[in-house]
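A, B, C and D label the chains in the order they appear, each numbered from 1.
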Amino acid sequence: MDLISELVDANRILFHQRIVDAFGHVSARHPEHAGRFLMARNLAPGQVTAADILEYRVDDGEAVMAGPPRLYLERWIHSEIYKARPDVMAVVHSHSPAVLPFAIARGARLLPVCHMCGFLATADGMGPPTFEIRDVAGDASDLLIRSRELGAALARSLGAGRVVLMRGHGSTVVAESVRVAVYRAVYTEINAKLLLQALPLGELQPLTAGEAEATRITNEAQVDRPWNLWKQLAAAGAVAGS
Amino acid sequence: MDLISELVDANRILFHQRIVDAFGHVSARHPEHAGRFLMARNLAPGQVTAADILEYRVDDGEAVMAGPPRLYLERWIHSEIYKARPDVMAVVHSHSPAVLPFAIARGARLLPVCHMCGFLATADGMGPPTFEIRDVAGDASDLLIRSRELGAALARSLGAGRVVLMRGHGSTVVAESVRVAVYRAVYTEINAKLLLQALPLGELQPLTAGEAEATRITNEAQVDRPWNLWKQLAAAGAVAGS
Amino acid sequence: MDLISELVDANRILFHQRIVDAFGHVSARHPEHAGRFLMARNLAPGQVTAADILEYRVDDGEAVMAGPPRLYLERWIHSEIYKARPDVMAVVHSHSPAVLPFAIARGARLLPVCHMCGFLATADGMGPPTFEIRDVAGDASDLLIRSRELGAALARSLGAGRVVLMRGHGSTVVAESVRVAVYRAVYTEINAKLLLQALPLGELQPLTAGEAEATRITNEAQVDRPWNLWKQLAAAGAVAGS
Amino acid sequence: MDLISELVDANRILFHQRIVDAFGHVSARHPEHAGRFLMARNLAPGQVTAADILEYRVDDGEAVMAGPPRLYLERWIHSEIYKARPDVMAVVHSHSPAVLPFAIARGARLLPVCHMCGFLATADGMGPPTFEIRDVAGDASDLLIRSRELGAALARSLGAGRVVLMRGHGSTVVAESVRVAVYRAVYTEINAKLLLQALPLGELQPLTAGEAEATRITNEAQVDRPWNLWKQLAAAGAVAGS
């Protein structure tokens, strides 16, 4: 199926673009069965091949096959978002390095400041929300979304948004297609890097709500162009990834 | 034509030097027809070959050929600058990462601080101006120079200068040759990186106006040396680009 | 012996992950003889092969063989820690670049802020201690642990912990296996990088003691996954190391 | 001659370690004729081969051969230092990126903070001096050492030291051998990077004068180890240099 091939490419791109490393995962909702989604078995993203893609149930986050191989500990990040958000067709979870500071510092806002990053705008103008796992799991958890309950809590934090930060952990990004989800994961990291460099220079000018939406529409209409370039780069540097 | 070959090299160098990525473009005015310029079709710079170079009209920014392939959305950055500036023979537009913070923070000045970057000096001593698209397109645009009117507004911001920053977007650099335009694009990024690191250290000493002009003349007379090195590096790492 | 092969991989991984460069070393206690440990001869880690691994005595830090080749100047970092800590089965000493600032600035605390780095927590909540060699060797030493006495002083600073910073020098990381020691060395560097970027953003939220321990247990149980990925990456980029 | 081969390696190492790029140069005094020195013709360091090494006169900085190819514009950096400093046997001039901020910000001190960088200590405890070319050449120069007079002024700034910063330009490093000069160039850059990261963390602890001298002696006695590793890395990545 084309979607399996697209998911394999997504894994390789996210690894080569250094959004994921040994950890992190990307999934896609089944194009014909809204109650199913596709994702690799428990494997580092850079090593995923078509044979590693399994089918899962949105309902309980488990693999459809009997006696599956080891699965990602945090598969409920994906299943519970698909459950809460019928519009979402792809999910990326990562610990991308420039985003993490924003998931660690109180009150740091990941506002969109460049025209490739308009999708980061939120209705309340505050940028993506931060999911604080202590609110649900107490203060001695291992911070992982390891149950349906925790996945549902994360999905509530995400709300109707596109990106949710996860305190001390990373972020999760959603979209209506694999290509747009990967684009958003890469550009969330780029916007974060840009903010880290720009903040010391003085008062910043984020995009207005109108600019954010206009730039988002324009860029997501062109998503094939960065996708094709990233796919080519990942193929050339697939193992080294550095 | 030699200029086509030079333009292909420019695309590859700018990509390998990480000035452009999937986005960004470089053009050259036709050496015999001042009303024409050369630029790739809508393609990631790192993938441009001689067969992708098209001829455009300065007058309306459109391709000369009938039924052209997809063109860059922002071709009027180039056409309107060629129109306003008879002295300009090459234009580079990019979103290079260290420059963007200066196009986002109010009042951050990209002053030349090292002897490779004298071209950044401006008559008013304030460093390159910043084009604010809201002044022309309102506050809900997608920040792209997608018309003659917007290109003309950008050209007015550039004035008689060499570099113009574009708020929330990137920068545009001009020169009297492709090699000098590429040099300026690379060193605008290097000067920006240097400022980002030096600003926390204390009061900086920018070049005097005299030093800026003397260093500019010296370095631009030697432009073949970095060009030849960058061309060799780009050939060696053309696909990976990392 | 499998452990020799594991040690060679550890050297290659630490070099490829840029934790060590020309300097730094990793050792493992002999699985059958608690009074012996294995480590390379004096060689840059990226160049270590199985033939370079020697056996040393915990008691005096010397090689067991007669007429050994040149040994690491700081082998007592390893021998004295094995002596003081019967639980420790592997030691990594490095000058990894993001950790050094924390070994240079008074009062900078390397607290665990992300879920991969829980092992950095200490009983006193202050993060890893810093060994100040002036306390033992006066203020004109070359900062190297070049004797049993200095190794014993370092081991006292480490105490019952997992990581000790060494002022003006680097750090030493210990664990109950080679894989976990390498994991800890890599993630101490990652946590340090994260703190350097996050500190300017505002008040940080370190992991609670409970989160640190829970995340440590979870991640160390999965250590084979990053280890296998890093081993594959190191094999692909073994010589370039860049 | 072995020294020619060593100089070629030095050029390749400095390029691969990103101390020099298209610009920068390294020279060595002739081992038998104190009034002569060896250096490449005007060529990017990464492209230097044995056939490019020429012999120059210390007295006037010119090539010995009749009708030489193009020479480095700043050869008097080398000749005037060899003239003023009979103890110096090798000189490296570069624009290495982390050092430049210290050559741009008033009062920023490049003090040695780690045990690989003790050579940066100076008798007055202030770290390397900064040569301000305006003192000799007025305020409209191109900042280049393009005459014997300017080279002599730079040598006066260097005095009896090992490193001199050049405002708005870069630095020059000297030593009693090519290997130690290259080591010092690489570690001046590393110490600068470390300071840039550590300064925001709080009060720093530089090495004492005694520690600086002790560490310098220890590390320079081991210079073959990093040299051999860097030589191997440069050979593997010679063209890409990235």
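Here is the rule we use: a residue touches a chain if its C-beta (ideal position, glycine included) is under 8 Å from a C-beta of that chain, and two chains touch if they have at least 3 such contacts.
Because the structure is predicted, anything quoted here is derived from the model rather than measured.
Shared contact partners of chain C and chain D are absent; no chain touches both. Distance from the centre of chain A peaks at D, each centre being the average of the chain's Cα atoms.
Taken over every residue number at the interface, the positions common to chain A and chain B amount to under half, indicating a different-residue contact. The copies chain A and chain C differ by a rotation of 90 degrees on their C-alpha atoms, rounded to the nearest 5. The mean-CA centres of chain B and chain D are about 33 angstrom from one another, to the nearest whole unit.
Here the spacing of chain B and chain C, counted between their Cα centres, is 46 Å. Residue positions 200, 242 of chain D each touch two or more of the other chains. Every pair of chains meeting the contact definition is listed here: A-B, A-C, B-D, C-D. In the complex of the two chains, the chain A residues touching chain B come out as 113-116, 118, 190, 193-194, 197-198, 200-205, 207-211, 213-215, 217-219, 225-226, 228-230, 232-233, 236-237, 242. Across the complex, chain C is touched by residues 21-23, 42, 44, 46-47, 73, 95, 97-98, 100-102, 104-108, 134, 138-144, 167-169, 196, 199-200, 239-242 of chain A.
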